[in-house]
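My questions will all concern the structure given below.
Chain nomenclature is as follows: A, B, C and D, assigned in order of appearance, with residue numbering initiated at 1 for each chain independently.
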């Protein structure tokens, strides 16, 4: 017999991704956030509540670890079937993924999980031995992993958690993972010089890069409780947008007059002053990461869209290690995108993410 | 401005797969049947009507040739979003696939397409230079292409058109294709000796292997108009279930007393009498295929789950060629399934289908 | 201290390939024939005696299973170094391969092995659990596995045992193997209709396809002692040249007036009378193979250069099984050559042989 | 008719690798050094003169770009056949490679080329549009590219130019290339702390790391004429042995008392003082490289055996760029060795070199 159970009444349910303590409903903010359950019974449905102004969320899900479905979420509160007709006696592992990043440009774009409808029984989800946190930009948000090569629209349909190197790395290592990422953002500024789009500024809250009243109401701006979940490795994949900014016009905040531009020298090389600001931002972020993650290996990754800031990143890491004595920080270059592995929107494609996951998972396996 | 248009009022829409002439609504019977359109505008929805008793249908779709979504279809008549937020000026190619075979065990399992909601304009879909028809069993129905290796449930969720060798072969050759397939069936009988599950008996009608009043009403039992669509190649992938039958108990129709069993000799080898019946069924089917497809290359494929009946198949092909003088018939062995490429339900997995598609598409490219 | 030991005084030496009982010297006739030893000491040399009129032999060798060297052999009797400077205490496995087929066009082309120079001790070579015999044409002789794609010279340099599917299959299965092959030959006639170039006519002797006084003297025309080495599998890869003959002019023996031609019908199809002769030759060869190899699985392989005679081969196998009741005979299609895997001289390249070895070794593993 | 021609009388002959002006004979010092010719005729032999005390040289050669043979060279002056029986009218491209590094531990290990025996005519070798110089250690010397995984002997047999990333990169880019490398050596010291094994100390001479009277006589200690050959890219792959030295005992020169050791701190981290010395060595070498190669892109590669000194290398590059203003210097991480791609002697295997060549050749293609 099918019953409907609020997720707050399912203690066996595992929640993935940074979120608040609220379970009526559970709010999904970040890429790959969601829930996981082990459940018997023949059938399973999930009750979602979906809001957005411009950018609709998508979700994907796996059954017993295999990707089963992916679909756009329409507005409203409604039930979605996840499986039916299965052997009721067997316990199935189901993992629901928000298949879209926190959309900072749409303060109303959320997925909330209310309840599950089922005819089985829930069982605990085993803890993974390894925990990974991925911090990044569009690459880590899986932008360009869906869609034909010629696609140019910046829309949710072309983002995905499940072809992403983060997902693939976690899978290869049988690890639990979280994603903290924002397309177009960097360590020091966005791809177009906006200094408010600096990932480090938002790292200490649950999801403060979502703006507006709804995020305030949902608790996204509250401090994140780092003690509640300590990763074994923090993988930072930032710097790509910081480099783009050298080729973009100055950013000006029309209200405050605030402005910023990463500048090139007359000979085309990067302004040393601006590179220094970038290096300082990298170094500062390493202090922040260490403060929040006492024992984690911190791996700064870079290179899936070229390596123009590689030397400054390594210099900043070197300077941080020298100043702090903290040796659990390292640098790893990831495979570049070329015509053989590119996806849509000139972003790394599925093959590039697979190549990156192979390099990264081998690296982590040696480290931990 | 969004408008809703009945598909019968969209002459630019291309219909894929064997179906009737009805367009109010369009009924989808077979794996990979569906529709394709070229459309401008920012948004597209499809109105479906879904029925089933036991086995719910699924669908997948592509945008500009890239797989975007896959989901279970619940009962009822309702709208599903396919894309939104796209550049309204560009023309998008969208292809909707029934992601489940005709389910002969559930006479009520259908997807009907009523209308499209959109804010653009439709453009003609270019004809492909090559047309392929695939005739087969569970392998051609894509059984086992979704789901973890350990899955054993025989449910729609684990069938898929879009990881199938038929889809992949057509994609490699830029061909239009149709699928005529049924899990568990063979040339002469089903995997468990039922002689009614012989694909050739149903080849001349639209979809007569679906039983019951609803199929009668929908026109599935009507003769198929072969002149309306003549393939360049007919690919038959049958024989796997005929071989299984040698290891299954006798089939008995309790009402009529009719019964059948493919028998082994005391030494374990196949009964020559039963093999002869199989060979005759292969030969007869070749006559049927040629009668219906005057000019097509007929390629009998076999081997994705072993080759126990390979010699009889080749003998039957040889006998047909000798008797008919028809030389546009050939045999092709496809890559076998092993532990490296297996999918769920002990069926060929995605890698095996990729390998098969590579062999088959190269073979067809040499032939046509 | 280095010593020179005649190979007849090294009972631990393992001889590979069909040859006579003579060990003063050992004569190498066939592709991949040679010797294998387990030896300690720092250094090893081999004394060869090489003769030829037109086609010089080549050799390759492995140390501990890894390919180390390949070189042309000049005429004369001389010493060749195989290794030096190695840890004298460790036992090394060394395998010497004739890297050229028996050259039926040059009755003087032989490699003889006289002695080994060394500073160690010999140890027995362990017997492999599996024995394979490969019977074939240029494909099995490894023609086209060396040399750039544009090469057209028919010379020993472009033949090789060590990139061949036979070598690779044996390696994958950890099997001992022998090769019986001749470029340009078939089951019934050569690629250019010569009926004397039919492999079955020579199968019962040591190496009777080498002609002339030297072969007589060496014992190549003596009956082969099949009891001395019984393979677990006989792999026949013939039929490719039989098909070529349909497009070649008639062969005429100017002395005897004997002549032969595989003919096409006016519509381009093969003459049924000539195909029947081919089928009879396949069937007859199966009887011969079974008479000589009582318990072996016989696998007829075909397809690395297309499959024009596939149906007749399968029909002949079917007829043989029906007539003999012998069920240890089967048919296996091997991967075809195309522009992605071709080698020199329009022959299958290294990649095609790897693909074939993968298919074949998996097939054999299921069989034995 | 076969003739013998001294190589000094063959102006069409192209010499590869750093060497002196002497052509009676030509001396081969470095890995991949040798000659290349375009020649008609049916047959070609080379007259070599080979000397060594401990470590015998090997050679490999290609015909029309395809690897044909590889063999150990015995002492003495003698003729070696390269091809025979070829179409005399066609022009063949032949490239002879020294398949062993300059062996600094054996001051008598050389290959000299005296003459060619042939029946054809020589034609000019076309200049490549791209020139590459590779500077490295055992990885660049191709150590571990031959031999089974378990091999541990440090002998010439296990070195090879032709499976090396340098060869493969040059081939992918259709480039001419030179190799300057020494197994066990580094930027600042050898793997076991010997400061005399620092590659930069020898870069300005032809081959001054070979010691002894014979090298003096041959001109190896003479200044190298950099104007005679200016590469488009200098690829440095050094640092691996510098890192090993931290785990090795102090090196002491018993005669002079000179000693050196790269030290670890009590907590296991590297001594900052010693890392600074390493960074200075990297920086100094960059100045040397730029002085000798005015316009080349300099690419510092690292990572095929781990990345313990990656940050210091990048810091040194950054410091060099900042101090010099020279921006044609960059850093590239190469794929690491693991159990899937390892060769003999715990060195990168053929697969790892292929992976490195793919990364490096794509990187260079973007750069030049």
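Throughout what follows, contacts are C-beta pairs under 8 Å (C-beta built on N, C-alpha and C of every residue); 3 or more make two chains touch, one makes a residue touch a chain.
Worth saying up front: this structure is predicted, and the values here are computed from it rather than measured.
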Averaged-CA centre spacing for the pair subunit C and subunit A, given as whole angstrom: 58
Whole-Å separation of chain centres (CA-atom averages), subunit B against subunit C: 44
Whole-Å gap separating subunit A and subunit B, where each centre is the average of the chain's CA atoms: 39
Contacts with 2+ other chains: residues of subunit C: none
Topology of the chain contact graph, where touching chains are joined (line, ring, star, complete, other): ring
Touching pairs - complete list by chain label: A-B, A-D, B-C, C-D
Touch list for subunit C against partner subunit B, complex: 269, 272, 303, 307, 310-312, 314-315, 317-318, 321-322, 327, 330-333, 335-336, 338, 359, 362-363
Subunit C contact footprint on subunit D (complex, rising order): 54-56, 63-72, 74, 81-87, 146-148, 150-153, 155-157, 344
